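Chain IDs A, B and C follow the sequence of writing; residue 1 opens each chain.
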Amino acid sequence: MDTPLITLTTDFGAKDPFVGIMKGVILGIEPRVRIVDLTHEIAPQNVTEAALALGTSYRYFPPWTIHLAVVDPMVGSARRPLLAVTDQHYFLAPDNGLLSLVFEREESVHVRHVTAEHYFLQPMSATFHARDLFAPVAGWLARGIDISVFGEEVENYVRLDLPHPRRIGKEILEGRVISIDRFGNATTNITWSDLEPFLAGRAEKDCLVVLKGQQIAGLSRFYAEREEGALGAVLGSAGYLEIFVYRGNAAERWGIRPGDEVAVLLSEK
Amino acid sequence: MDTPLITLTTDFGAKDPFVGIMKGVILGIEPRVRIVDLTHEIAPQNVTEAALALGTSYRYFPPWTIHLAVVDPMVGSARRPLLAVTDQHYFLAPDNGLLSLVFEREESVHVRHVTAEHYFLQPMSATFHARDLFAPVAGWLARGIDISVFGEEVENYVRLDLPHPRRIGKEILEGRVISIDRFGNATTNITWSDLEPFLAGRAEKDCLVVLKGQQIAGLSRFYAEREEGALGAVLGSAGYLEIFVYRGNAAERWGIRPGDEVAVLLSEK
Amino acid sequence: MDTPLITLTTDFGAKDPFVGIMKGVILGIEPRVRIVDLTHEIAPQNVTEAALALGTSYRYFPPWTIHLAVVDPMVGSARRPLLAVTDQHYFLAPDNGLLSLVFEREESVHVRHVTAEHYFLQPMSATFHARDLFAPVAGWLARGIDISVFGEEVENYVRLDLPHPRRIGKEILEGRVISIDRFGNATTNITWSDLEPFLAGRAEKDCLVVLKGQQIAGLSRFYAEREEGALGAVLGSAGYLEIFVYRGNAAERWGIRPGDEVAVLLSEK
């Protein structure tokens, strides 16, 4: 790691200096490290949202990036700090399910319970482990300290029950909205690996997407393929079915919120 | 370029991990690059706002900075990705007018249509070219790849019709508000090169600025020259006439919005 | 300084390119510098808020970090730009009290009036000294220019009267809320050095915290020690007494705002 790289994902926001302080701690340990903010606008204490943001992003970073993610309602309690290692990436996060999508997507994951207190800031607070525990461990990891010294391997770590779409007979694929982006586009939990067997050879145009009582005929390839203001569906850039309004805000226009049901139907030939 | 520098300007916001992902892609190609966020809070799909933000900022960056700007409603369609080169800077943006202010201000600009697909991420999405096309091209450019390999020169690129002030006889200079900053200050499209010939030797105090039915007598040199709460006008730091309320929010107080008319009148001697 | 480090604290927000421009100026002078954003979301022109954000954060940065902070309502007037040096850190800020908490916490501080105009951008605006004066001086400082060349030492710099808690007899310690964080936690101005002599050997459980007519029995060690939705008090990570609602937003739930009174009472044994 000539230029070690750390990403940060938190619910700390931009108003308070929490994230800047974490960076100060990291750079005090390893000044060569590059730090990239993934997002700090996770809704306060929403572990699922953080799991999705991190789980759909980490593969775009170079091998051996250290992904540090802290959404941590149980900070200070007995919940464990984890270090997870796949065959290409490191992850540091509290043991509350934040790494669930990583666990789901990666074949090989080794998880350690971080207990090596001499790498933590002292005195350690009970309310800001991102600063006192996760940031310094990320810094030492970036300096090349071997993962085995941070703690023992564990297996019984928390996995969230992330929502997956389900088939209802041959005709219906039912999913949910999982997030709304800045443009008002609604990302669903339906991926191409759900759609492909469902369509069973039919074209992407030969389905009907139903949401909030609205019917969308077929998938578009890109936003501008729809008319201005029209509701459309597209296989989005993270691989999920996405609902949009071209040059509009679908979520505001149709009152779409995370958790809303989305159905894909086979259209009659 | 020992330490290549890339700036980013988008309408992606801070909530979603889009910008972080772009940085991951860039750093995977050229780990030495330094990345500076210009802004990611351009109003969704507002190309003009992005053109002004980038066009008034790029000159403060060192020579051979790569300015990557993506506000891209037509992503996935036939709109072209452009690489523009002036005698000091590189620019990457969709061909939708985003570089209009650069084209206006620079005497020498060479523009290429980026077509060299082997530099793009594969498979390439149709909805996130910032990640799949612009970020990797910026990374390769930062590594020193010659501009000629990215595509052929083109001339018929899009230029926005940016609003310019107009003279009405000798007595009136009429412009418009083009943006509101965080302090509620209203930036107009009137620059010193518009004002100087209009004033024709009169002092900056000898004019009247009229906006929203309010009259401001003369220009201030800085904000604190006005009384607290009083409306003032100043030649702002980007070279544009700017309306402010000292220790207040002019836009909120007087309901000023982009597009509002502003007139400068010669005051009677 | 092999890898010089600069932190930025401003009220410039994320919408306008002001902060990006400052970074361009700095990197044009010293390309090796690392820049960390502390926060740019200080409420417009709120010098006290900036003094607290910077004053509770700078110690987490490595020795000889340059802390550049600009909340500057008097920009362009006769207010002086300052360079303060402690035995471990540099600070650049306008002379308006922004460094008050640094002055309070550091035993040895030397303050200079920055007057060396040949280090400033020319022509210098009267409204954006962050770009034209503070950023370039930070860049030259990072390059290793000796502090003595920037200007003469001064002593009569501005110090804000930061609010401190007061004892009312032996039974009451009265303080105030000084800020609300993103989670709705209310930070007070009561520190452990106020509490320790007040408790005089009693346990942290043996006190009563009163705020907005609500009584909180004893201090918690961490948030999750309280039941969901319950109001609690904790000695926060910056060393201040903090009021919270576990998995809730204390400020919204109880209408807490900066300036609100908080009392700590000794509970009957």
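Things worth noting here:
Everything below uses one rule, namely that contacts are C-beta pairs under 8 Å (C-beta built on N, C-alpha and C of every residue); 3 or more make two chains touch, one makes a residue touch a chain.
The structure displayed is predicted, hence computed values, not measured ones.
If you lay the C-alpha trace of chain A over that of chain C, the rotation comes to 120 degrees, to the nearest 5.
Two copies of one chain, chain A and chain B, form a contact in which under half of the residue numbers belong to both partners.
Separating the CA-averaged centres of chain A and chain B is a span of 32 Å.
With touch defined as above, residues shared between interfaces to two or more other chains in chain C number as follows: 14. Put simply, chain B touches chain A in their complex at residues 11-21, 23-25, 27-28, 31-32, 44-45, 73-77, 125-128, 131-132. Put simply, chain C touches chain A in their complex at residues 2-3, 5, 7, 9, 14, 34, 36-41, 53-54, 56-57, 60-62, 65, 181-184, 221-225, 234, 236-237, 242, 246-247, 249.
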